[in-house]
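Two complexes come next, and they have one chain in common, chain A, joined by chain B in the first and chain C in the second.
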Partner chain A sequence: MSALLIAVPLLIAFLFVPLKNKIKYILPFVALFSLILILKLPIEQVNFLGGWKAPFGITLVLDNSSYYSLIVVNIIFFLLSLIPQIIEKDLSLIFLILMASINGLILTGDLFNSFVFLEITSVAAYILSSSKRNYYGAFKYLILGSIAGAFYLLGTLYSYIGTGSLNLADISKNINSEFLAVVPILIFIGLAVETKIFPLAGWVPDVYASGSALTPAILATGVTFSMMYLFGRIFITVFHGEFLNVVYIFGLITVVVAELSALKQDNLLRALSFSSIAQAGLFLSVISMNSYESLTAGYFHLLNDITAKFVLFIIAASIGKSFIKNKTTGIAFSIASFSLIGFPLFAGFRSKLLILKTAFLNQNYILPIILLFATIIEIAYVLRWNIKLWYPDNILPQEKEKTQKLSWNVNLILLIVALVIIVIGFYPDIYLKIAQNIASGLTNYRAYVTNVLGGM
Partner chain B sequence: MRRFLSALIVLGLIMFFISTLPLIPEFGKASLSKVSRAFIDKDVNGNGGNIQYGVSKDLENGAANVVTSIVVDYRSFDTLGEVTVLFTSALGVGIILSGYKRKKFGREPNFILRVSVGILLPLILLFGAYVFIHGHLTPGGGFPGGTIIAAGILLLYLSNEEFDLSKTVKFVEGISGSLYVIVGLLGLAVSGVFLINFLPTGVVGNLFSSGIVPIIYILIGFKVGAELSGIVAELHREG
Partner chain C sequence: MIPISYLVLVFLFGSVVSYLITKANRIVGAIFNFLLTFYALFVLWNLEIGHTEKLFSILEGVENTFKVSSLGKYFSIISLIVISLVSFFIIEWIRKKPSRPAAFNAFVLIMSAGIIGVFFSNDLLTLYIFWEIAVLGSFLIVPMGKEDSKKAAVIYVVTSAIGSYMYLFATFSIYNKYGILEFDQVSRFLLNEPSNLFKWFIILFIASAGIAKSGIFPLHTWLRITHGNAPDAFSAILSGQLVKMGSYVLAISLSVFPSTKLLASFYSGVPLLNYILIWLGNISIIIGTFMAIRQNDMKQLIAYSSVANGGYILVGLGVMNSIGYAGGLFHVFNHAIAAAMIFLSFAAVVYRTGTTKIDEMGGLIWKMPWTFVTYLVGIISLAGIPPTSGFISKWMIFNALLTKGMFVTLTITFIGSVGSFLYVFRPLAGVFLGQLKKKHYEVKEVSPVMLIPMLVLTLLTLFIGVYPKPVLDFIVSIENSLGIKPIEYSGTIIKTSLGQWDTLTVFTMFAVGFIIALVLYIIFPRGKKVELTDQYTGGEYLFNYDLYHYATGFYRFLERLYDKHPSFEKLYGMLVSFFKSMGEIINELFYKVSPSGYVFWISIVILILFWVRW
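Showing the complex of A and B:
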């Protein structure tokens, strides 16, 4: 049944090619349908596509981690589909394809199949990033993403040579140390573009700051989350934490470089994009400690980050130079930005505290230092942007006339998400439960292998 | 500095790839893994074995072409994904090039071109259709067959300035794509598994054999042909 999550959005996308203009009205229903379908699906279910059993055919694995990741991603898609103003006319089809491919990316239990879905996701992302005539950024992303895709494919090839199988559970069981030295490097380079690791994250500000609200709102939330899930699935479940020391160092370098660059930006969207890179780096270095606690902390922080970024990017892209005409939007923005820096009583505070606690428990003192350093820089630029937008100086009256009021549904959704941030700040249990489930699904690779390949 | 750095990175990558070469088995000496073995012997469900062309009946997969048996049956879901990649790319070409006016040269194309297209076009279309209809028997299949058909459409665009197929192409593309998914969903309805081969597989080597494989390959042929023709149409429009 889980194949329906991929088949239905694809079918609707194919059917509505000749009727591109009508598709906008169907998006919320499709998103709602997949959300309801996920909630109805039983956990711990393995779907053998085409009827070919595990190491031979392609499997769709629905376990604790993929189930909760699917819920998160589909809620994001549902919320975005309720804001049709930001989805440009031609992009609705791309939105549907992205939905199918991200569901597939999370569900798949096959390395080559994950490459196929990675390809669909990135092609859809290139097209999204070319909106608002942002061809330079899209081209940069296209070149980097295609080269990284080639590396991912090479990694897949080597793991097939090494284990004779493409099934993730089978690779996890059979891969030997000779190939464990090669395959993770290739896969890491392949995923580094999408997970925004420092030397390969140069495309992010150019793409996210194109001025379109949809591009960063999807790419920095749903797509990033699914990529991070795939990263955890491959490096922790399949490679048992091999190569994560290198990821740890790269993650920390990413945090420092990205935060310093974010401080220097004089464009809000660019500053937020660099902050997005920094949070991705932080997340990767946290999960590199490779324990149940660190994964929980990491995914909890990622959830908080994408919730805040959802609000921040939509507001930053659709508002002019100030909140003068959009006071409610401004409140949502401030709440999300305080959560981003980890101000006490907001959601971000909880996850940063949890990260610090896990790091100290693992007797790791470099990560807390970097985290605190990054937080200080974040405070500097987030407060600066808040002040700039609430009390704009030298704003001309004509410009004031030009700024439009956001429509009610955008404001409503942004306020609801901001409210979620406050609620999580007081009762973090909901997000913690999601993070714990994802972490337990990823770390328990023995259960994963027996689940897919059958009892042995 | 920048050049030096990039040279260093390239050098590092080359060294890395050279160091991985011993992992690859020597030419002709690769030992087939259990998955490859099972695909070649049609033995995934444990009842294959000795296969004879034109004799063996009702195997788990009836395609005589081993590549087709993997691409459209064992790993059909990947192919659905690859078709979607092509579909998305064609859509992207349309989105990026939209808004350009079609440029007209205002003169008749060359006489030789016009006449030879009339002679060649039926042959090209026939060959393309042959390649994708016989995809489960001979080398070829939906992707090459569709590409050949799109090459024929390209000739039509070159030889006639008024020619425009972009509307038809969209319909063909949408319908064949959704039929592919619907065939998969039929499997889900019939036996509870997405994309299962629910038709009898017949005798290996017959034209009417191997269940849904030829049906899917014909759909892929139409879809790929329509998509590539759509790309040709969009690029042709851009002056």
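Showing the complex of A and C:
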């Protein structure tokens, strides 16, 4: 059943190649279909493709963590498909392919298979990022992504040599110290480009700030989330938290460096993409503490971040120089930015508290200091942008004429998401439950192994 | 009587209502705001001490609650007096408010909700949450002001964040160590804490939120630009109320966590930590006073005076003996009222003339006599001259410093007092006295709606100056609840170990003096009124009287002494540009490079990783 999540979007993408112009209208139905399908699927189910038993064939694993990650990612796809204005017409196909590959990336229980999906995702992302004639940015992304992909493949190879298997559960069971010396490094570099770790995230500002609303809205939310899921799956479930101390340091460096770079950006999209890098770094250093609580805090924060970024990126790309004609949009933008900063009443505050609490619980005093320092810088530039857009100085009348109102469906969706941010600020249970489930699925690697390989 | 938590909710939802009403009619919206804040004042006035309400629970083991303490009630009533009277002022003022009156009214209510919450929080986290709500509300209002106000808002919120994040860090350290956050429990745990370093760290970090908010050195730079550029009526709330939130946190960190019992005495009963804070207060007094003397913008001038007065409050609270602490608390009241009076009278002047530059005005006493009276009483109180209430608190602080033998601090506070005579006289002379400019011939006194709150504040400060019992009652109950020996007073006589002070006698003396002067004024012949240019100097008649405005370079002889002073604003500006150029370097090195550069960085990372691992 779960294979349908990958097959259906791909199939529809192929079927509709001749009808490229109509495909836009089919997107919401496909997204809705996969969302309903996921909700119908039973958790703790393993799908052996071709009938080959676990270590030998490719498996699609649906456990707590992949189930909830799928829901999150597909909700994002569904929301995006409801605002077809931002999807340029050639990109609808890519949208479907991206959907298939991300579903596959989350579902797969096989290292080589995950490489394949990673590559498909990357290729789709390259094409997405070349929209609005942003060829140089896409080229940079392509080069970096290919190198990273090569390293990921190399890591897969070494893990096959080291353990004789490509199945994640099997690797997790059979890991030994020789193997651990080399594979995590290779996989880490392979994933570092997509998880935006310094200094391998050079592509992010160029790609996110292309001016297209779809590119950052999908790359900074859905794709980032699935990559973070994969990162957690590999480093926590498979490698049992090995190598995370290095990730921790890289994460912290990423936070500081990205926030400092964001300070001087005179393009809103670039500033937001640096903030996106910083939040990714923060997330990685939080989950590097490798406990159930820290993973919960990390994924909770990631959820809040992508919710806020979803609103911020779409508005930043589609609004002109001010909110003069789009006040509702402006309100959604401000709510999202307050959540990003972590003002009380908004969602980001709850995850910030949780992160601080876990960090202190782990006797970790450096992470809170870095987090608070980074937030101060973030406050400076995010609020400066808010003020700039709300109180624009010297706007020419003809420019004012030129800014058009966003259409109602964009506004509606953005407002709904903004409302979700406020609701989560008061009742964080929905997001917390998702984060807790992901965390419990990732940390409980014994259950994962028995689930996939059968009772042993 | 409605519970405080409902009151906060009423304010939060009221902000939406106020927004909608103001959209329809801005004056009705402002009236709605006034009624709501006045109602809140009424509710808070009738609160019983010790009343507790459960709110929510964010962290396990910590029930977030509201609890009415004497300290919180005292501060909240002062705040609501200021806010409700300023709201009354706004009813008229908002007519001319150029942009976004609806948002303005809504944000005032959001801010007030936060403020009420801050003063009744029973634990560190609740205080933080409401603190940030108040900051958020006020931050959103600031950019509605003058040209520089957008920059001011960012500086304001960043400075505030520096303080509040240090506070949050300390909060979580406490939570991690003891598992509780309630004030009384925290102070109990701190009393049993063996590590001196931890106590220092907690008190300093908690206090830093207050330092940032009340504009104490070294986080004082935001006051000038923010108070100077915020919307005129809102500056009164900023200086009269929001800054007092900082004093409240300082009071908590020094007295609710009993600093004198926690730490060993360093100098006549004052621990070293308090002594350092007192010195920060001293530096603030010096900086505030001397920088205020230099300002030509009247709002920025009083903003610096707020720095100095924040210093007085900190000095008073830091001494932590019966009289000094009482003086600090009394000064909170005085400065709140005086700053509100002064900023409101400025707002009235700006409302009529449209400028804040002192040397563009003059002689407005003829046109706006009641505004002048408000300003005059305000500065008399600010400078601490009897019979206004401002004198009492300064007298108490001097007294405490004298009994403790802190002569350097005493000297500095005296210098600050004398300096305040100088700087408050400058707007007096430049704006209200002197020659009326031709362009201001048509200026009228502001309407009664604006005058009423100003005159109510004037009467209040005079009344408390003569009959300080209401405020002293509060202070005694606060000192009782915190285990400090309460000050002694009976009727209008305040007693200290150095002597006593009868406010009524002083008032009578001043009143008699005033009456004698009045009688003399009536008996003796009036001076001859002449045209402004009907005079001569150097044997020449004057034709262009604009040249003789003496507000320009008013205290040049003094300013010359410290023209080349080191500026912290410049230092922080340098720090910001340092961070910015760091970001630029990183950006150029890592994010903007060509693909071949990325390949280089990937190889470096691999090398580092392999080196780290093997």
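Everything below uses one rule, namely that the second predicted complex is superposed on the first by the 456 of 456 C-alpha atoms of A that agree within 3 Å, B and C clash if a C-alpha of one lies under 4 Å from a C-alpha of the other, contacts with A are read in each partner's own complex, and residues count from 1 in each chain.
Simple rule for what comes next: a residue touches a chain if its C-beta (ideal position, glycine included) is under 8 Å from a C-beta of that chain, and two chains touch if they have at least 3 such contacts.
What you are looking at is a predicted structure, and each value in this text was computed from that prediction instead of being measured.
Engineer: When the two structures are overlaid on chain A, which partner does A:A124 contact: first (chain B), second (chain C), both, or neither?
Structural biologist: Only chain B is touched by A:A124; chain C is not.
Engineer: Using the touch definition from the top, say if A:A7 reaches chain B (first), chain C (second), both or neither.
Structural biologist: Touch partner of A:A7: chain B, not chain C.
Engineer: Of the two partner chains, chain B (first) and chain C (second), which one does A:G50 touch, if any: first, second, both, or neither?
Structural biologist: After superposing on A, A:G50 lies in contact with chain B but is clear of chain C.
Engineer: Once chain A of both complexes is superposed, is A:W390 in touch with chain B (first), chain C (second), both, or neither?
Structural biologist: second
Engineer: For A:L345, is the partner it touches chain B (first), chain C (second), both, or none of the two (neither)?
Structural biologist: Only chain C is touched by A:L345; chain B is not.
Engineer: Does chain B (first) or chain C (second) touch A:Y158, or do both, or does neither?
Structural biologist: Only chain B; A:Y158 stays clear of chain C.
Engineer: Report for A:A262: first if it touches chain B alone, second if chain C alone, otherwise both or neither.
Structural biologist: A:A262 sits against chain C, while chain B stays out of touch.
Engineer: Quick one: is A:S101 in contact with chain B, with chain C, with both, or with neither? Answer first, second, both or neither.
Structural biologist: first
Engineer: Which of the two partners, first being chain B and second being chain C, lies in contact with A:I185: first, second, both, or neither?
Structural biologist: A:I185: touches chain B and chain C.
Engineer: Let me check the overlay on chain A: which residues of chain A are in contact with chain B and also with chain C?
Structural biologist: Looking at chain A, the two contact sets intersect at 185.
Engineer: So in the complex, the part of chain C that touches chain A is made up of which residues?
Structural biologist: Residues of chain C touching chain A: 58-59, 99, 128-130, 132-133, 136, 139, 143-144, 147, 150, 153-154, 157-158, 161-162, 165-166, 168-169, 172-173, 175-176, 579-584, 586-587, 590-595, 597-599, 601-602, 604-606, 609-610, 612-614.
Engineer: Which residues, counting only chain A, touch chain C once they are in their complex?
Structural biologist: Touching chain C from chain A are residues 139-140, 143-144, 147-148, 181, 185, 188-189, 192, 198-205, 246, 257, 260-264, 338, 343-345, 349-350, 353, 356-357, 360-361, 368-369, 372, 375-377, 379-380, 383-384, 387-388, 390-391, 393.
Engineer: Quick one: in the complex, what on chain B touches chain A?
Structural biologist: Residue list for chain B touching chain A: 16, 20, 23-25, 32-36, 38-39, 44-45, 73-78, 80-82, 84-85, 87-89, 91-92, 94-96, 98, 167, 170-171, 173-175, 177-178, 180-182, 184-185, 187-188, 191, 193-197.
Engineer: Hey, which residues of chain A end up touching chain B in the complex?
Structural biologist: Where chain A meets chain B, its residues are 1, 3-4, 7, 10-11, 13-18, 47-53, 55-58, 90-91, 93-94, 97, 100-101, 104, 112-113, 116-117, 119-120, 123-124, 126-127, 130, 135, 158, 160-166, 178-179, 182, 185.
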